[in-house]
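Next come the structures, one after another.
Two complexes follow with chain A in common, the first pairing it with chain B and the second with chain C.
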Partner chain A sequence: MLGYLLKRLTYTVPITLAVTVVCFLLVHIAPGDPLNAVAPADAPAEVVEALKAAYGFDRPLPVQYAKWLGRAVAGDLGRSVATGRPVAGEVLSAVGNTLLLAVVGGAAGFLGGTLLGCLAGYFHKTRIDRVASAISVVGVSVPHYWLGLLLTIIFSARLNWLPAMGAGPGGSGNWTWDLAHARHLVLPAITLSVIPMGIITRTVRALVAEVLSQEFVQALRAKGLRDGQVFTHVAKNVAPTALAVMGVQLGYLIGGSILVETVFAWPGTGFLLNIAIFQRDLPLLQGAILVLCLVFVGLNLLVDLIQPFIDPRMRRN
Partner chain B sequence: MPKKLRDLFRWLAALPLTVVITIQTIAAAPATAETVARYGISMADIPLTTGQPDRGAGAYQFTGHTLYDPLIAWEANVGDRPGKLVPGLATEWKPDAKDPNRWVFTLRKGVKFHDGSTFNADAVIWNLAKVLDDKSPQFDPKQAAQVRPRIPSVAGYRKIDAFTVEITTKEPNSLFPYELPWFLISSPAQFEAIGRDWDKVASHPSGTGPFKLDKLVPRERAELVRNPDYWDPQRRPQTDRIILLPIPDALTRTNALLTGQVDIIEAPAPDTVPQLEKSGFRIVKNVTPHVWPYHFSLLPGSPWQDIRVRKAANLAIDRSAIVALLNGLATPAKGQLDPSSPWFGKPSFDIRYDPDEARRLMKEAGYSKDKPLKAKIIIAQGGTGQMLSLPMNEFVQQSLAEIGIDIDFEVVELENLYLHWRAGANAEMNKDKGITAINLAYVTADPFYALVRFMDSHYVAPNGVNWGWYKDDAVDAILAKNKTTFDTRRQDENLARIHEYMVNNALMLWVVHDVNPHALSPRVKGFVQAQHWFQDLTTIRVE
Partner chain C sequence: MRFFVSVDNLSVRFEAAKPVHAVNGVSFDLAEGEVLGLLGESGSGKSVTLRALMRLHPDKVTRYGGAIRVDGQDVLGMAPTALDSFRGKTCAMVFQDPILAFDPVYSLGRQISETIRRHEAVDQATARARAVELLERVQVPSARRRYDAYPHEVSGGMRQRAMIALALACRPRLLLADEPTTALDATVQIQVLLLLRELQKEMGMSVIFVTHDIGVAAEISDRLAVMYGGRIIEQGPLAEVMREPSHPYTQGLLASTVTAGMRGRRLEAIPGMPPDLTALPPGCAFAPRCGLAVDACRAAAPLPVSAGGRQVACVRAAFPGTTKIPRPARDDTAHADHQTSLISLPVPEGPRC
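For the complex of A and B:
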């Protein structure tokens, strides 16, 4: 077991290093000028050159990468070109907001998906299965931003039940768990939950149907176990794979949805990335991508570590 | 477990009680005397608050002329005519009769910064060094990058006495006062008090402006409160607090207005205008110094070298149809400037929709629908100021095809378009791709921005943005003469002649002017929309 843990931990090192190279190169090879964030469009060439030197963009790429990586290892992701604020602070604040949205949206999606998937799998090839499957297909297929806009038009603009944007009446800095703030969560969380719900429904449905067709289930029934007891055994067999898929989905959610967060002006990582991309704010972009990749790698590692505790077969192997 | 999640579980447990308390609190809340206007702005972040805002001309109304004052201000609290230069922190300015490079400014007395320190000549010199002297301790590269391109004439500066300063220009420049509304004065005392750190000053800025910054949440909100001691009684804010909320998506902004989350928004989504008006919201718009053109290359080999082709292109566009496409949120262009501008003049070429005349000119030039002229235009897929870039460009493409001009688009992001623009038509990045025109919306707020930078042959790349390499000795001579013309009326006459040259030679294909639309809740009264990108938020009143 210890070997398994060490092996998983060791894998994260080259993955993280590769991530840093890719995210650094990607943002540098994209067209555009990182100084557009600070210099007006008609800034004279000498001002642009002076700024390039001031921000170190005039140095060779390998040198820029080495310096950035060296600082990043020490926890310093540099400063945003556009605002001058430390990137680490900007990203962590945004991650906090996205985490909040992702956990609520993810919980809704996972619960709904698990419920629908279990129903569809248990009542395989019945009307219930067809309805649940249709819901999951819609969930996977509906574009996020379209659904977000639709919900906003219905529940905000028309009915005026819920706020259309923002992370609370006083902004995310003043977040508290009260009704005024929670109302701001509802629409973005529902919008965000739809895709994971669809994916989890399909995954759980297929797993439940497959496990139910296995011989050990017949044996359990033959032993006289009631449906509920049988399903407990089915759930135990379904859980590891479903959990792995949920881990990946949670990673996506924590990565933030640029579209959903932009539609709802939710100050999370997606919103931050959107701004950084359009401003060509390279330090912010690199820092945000790096942190998100690390979160993703960390979550996958966590799922890998949890799985053996749920599935004894993995411990044996 | 993160704190927010722990709090979530606690909150769920306490939900019923919370609901009851919240309802009771709302019911028992005393009426507050503070008036608050919540303003949904189209930017993705709050512009810089340290003195010189970033994010272009439109940002000055939010964290520029609210928190700070310039030496010479722009009259932004009138809407029925173009504004003009008015005294700001300088009560008087004039060039030296013997040395036209030397300008003397008399400063306003009795003005205090928000931190209580006194505004005087030392503060002006300190602020000039802040953006122009990279050896000074207060030098801020971010502010310098914003304002240096706006005050290119400044060569030197010195204090004459406690309330008089001298600024020298690189060469005589009668238009120099137009550069100064961009240069804002922040408090030296606050910079020292806060530990000489501009990033910290951003949260605790101090200017002399009509508002003070009460709260800043980066990317989310800035709360400005009334400065009751503001030196100009005419511009004392009529609202106690203005909350600026960055909402970059137009539809989200509009929905926020419809749901009552904000009271005023910039640039509502054009499609939603009828619904907003039907729901009792007010759409306010005005002539705005902003034009949406195709800027032609006049270099050898460009198909736009032929004036007949340029004029034909201008006659081929049904601008009223484009205005309809934008739900009325634009005005048809008759040139680089709106006809109400003092610099419009009397051009002999009347820009209108006349496809027959356009076809005749094209035929004369040797082209027709069967034998079309081909050209490549670089455009942005969207972005600030570009209006509905793609639909509008497609409209222009179809209109030009009708008279025998087949245009092809090189579509890039706005940030990338700026690179092509700064480089000029002669740059390899443009020539190699066969690009002979660029579609970039231009701010035309002052003579330099509207005319000089495009017409003066000195401003070809890399010196400036005379993108098409236009050069005309007669125009250069008028511009040179204008630099030493200090009488405003004569200046206007010279500038009108330049504009006439521009239109008569059809140096661009002008399509529409923006009208900088705002949508206002019925609660908002008194907002005066100036004919400028500078707006005066002190006029906002909430009932």
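For the complex of A and C:
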């Protein structure tokens, strides 16, 4: 068990290094010269040279990488070309907002999906199953941004119940736990929850139906266990796989909410990436991608580390 | 005499596009402390019969007919809560393959103590101590440590012992054993069988023991019932049925068994296929494979005829004067070993095994 944990931990080292190399190289393989964003196209040669030296672009790549990595480890991801502010600060606050949205939206989706999935699995091939499965299909196939726009039109424009933009009153980018801010969270979280809801419904439905068809469920009934007690057994069998799928989904929510964040002007990493790409702000882009990838690696690690604690079949040694 | 278990004309049908007539009019009685061996090919309806005794089949698709009484209780008419208390307490089951019958994510001991706590008002510590005692009783070594082991962590024999401990947790008066040794190696098979017999004697339980292995049935049963096509075609005291089988199918089974004296000889397996339970013929289900079949056999299913504690359902056996059906030649030293020998061959498996 301890061996497994250590082994799993060591695996993340090369992955993390690979992530940093890719993020570093991103600046150099991206089309166009990173200096274009800061220096005018007709800038004199000596100005370009000076800028190159200032950003360190005149050194050999491995040296640049080593220096960059050293600074990144110390928490310095450089400065945004566009705003001149430190990238680390911008990225961290954006990651915080994205995590918040992903966790709240994900939790809503996972809760709804688990509920619908259990119902569908328990009442396999009945009308309840068909209704739940239909909801799940709609959830997976409805386009994110379209749903976001629809919700905005209905609940913001028409009914004026909920705000449509930003993470707080007056476009505040700093989240605080109060009602005024929470109101801003509702629509983007609902929009984001729809896909994981559909996927978790499908997953849990299949898992529950599969577990219920196993011999041991009959054996539990043969012991005289009541329905509720049998359900506890089913849940514990379904949990490991369901949680693993939820971990992957949470990863997608963190990495893939660009469209939703853009529709709702939610100041998260998706929104930030959008800005960075359009303004060709390479340090910002690099920093945002690096932090996102690290969050992803960390999340996978967390899921793998939790797994053996909830699934005894994985505790081999 | 009041029997402890009394099954009267039980039928079990599974609703589907093609309904499965798995059990078709099974009747038998079992006294307290008696062991009934239920013998038959794979797919003959043994497990379905056994599970019906606990009403374990899925409610939605199962149609029961007839009556089952256990300890004076009407199993098929019981309210759900009474049924839950009946299961595991009055009547318990040992499943064929313990790796499938144990919940993989609960420890073995937990699954035993859970059963105890379901039926008796004891705390976890007491239940745990009882479970460890039970594991010791079924000869699981270092039982205290094995309590926390998960099903995949122990050997097949150990798992089956734990399954027996689980079944015996609340001292049931009727034990249903569904081929409990089939999934085990030969040597472990014998150990588990001996253990079951010993526990049965000690606790005075009634046992219904399903098997497709004549040697195993001979080892443990007081009475033997032979199933074919969802019917009991012959039943009676073990020794009598073994010595003088009167149904052509039973005769065929015994002829195809290898005993010590017959080793090396070619088996006379019964040619043909087991019947299709979705389309049973109106007459005797064995007719297509029976060398003695006559027109009367195909007209209507032969009703069981009883005489002196024995019962047989065969047209030819029912007619006066034809009860003694010519048996295939076999040497007489052979079946003398039957009752003690475990060296035997399973009944030929059907295509669905």
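Assorted remarks:
The rule is short, and it goes like this: the second predicted complex is superposed on the first by the 266 of 317 C-alpha atoms of A that agree within 3 Å, B and C clash if a C-alpha of one lies under 4 Å from a C-alpha of the other, contacts with A are read in each partner's own complex, and residues count from 1 in each chain.
FYI, a residue touches a chain if its C-beta (ideal position, glycine included) is under 8 Å from a C-beta of that chain, and two chains touch if they have at least 3 such contacts.
These numbers were taken from a predicted model, which means no experiment stands behind them.
Of the two partner chains placed around the shared chain by superposition, neither chain B nor chain C is touched by A:Ala66.
In the superposed pair of complexes, A:Ala53 makes contact with neither chain B nor chain C.
Legend: residue contacts after superposition of the two complexes on their common chain; A:Arg226 is shown touching chain C, with no touch to chain B.
Among chain B and chain C, the chain that touches a larger number of residues in chain A is B.
In the superposed pair of complexes, A:Asp311 makes contact with chain C only, with no contact to chain B. Contacts of A:Val22 after superposition on the shared chain: neither chain B nor chain C is touched. Judged by the touch definition given at the top, the superposed model places A:Leu111 against neither chain B nor chain C. In the superposition on chain A, contact of A:Phe216 is made with chain C only, not with chain B.
Shared contact residues of chain A, touching chain B in one structure and chain C in the other, are absent.
Contact residues of chain A toward chain C in the complex are 214-216, 218-226, 229, 233, 236-237, 240, 311-313, 315.
On the side of chain B, the complex with chain A involves touching residues 2, 4-5, 7-8, 10-11, 18-19, 22, 44-45, 48, 54, 56, 134, 141-142, 144-146, 148-150, 152, 198-199, 202, 217-221, 245-249, 251-256, 258-261, 383, 412-416, 418-419, 421-422, 453, 462-465.
Contact residues of chain A toward chain B in the complex are 31-33, 35-45, 47-48, 50-51, 54, 82-85, 90, 96, 99-100, 103-104, 149, 152-153, 156-157, 160, 162-167, 171-173, 175-180, 182, 262-265, 267, 271-272, 274-275, 278-280. Contacts from chain C toward chain A in the complex involve residues 51, 54, 56, 84-89, 92-93, 95, 97, 100-107, 114-115, 118-119, 150, 152, 166.
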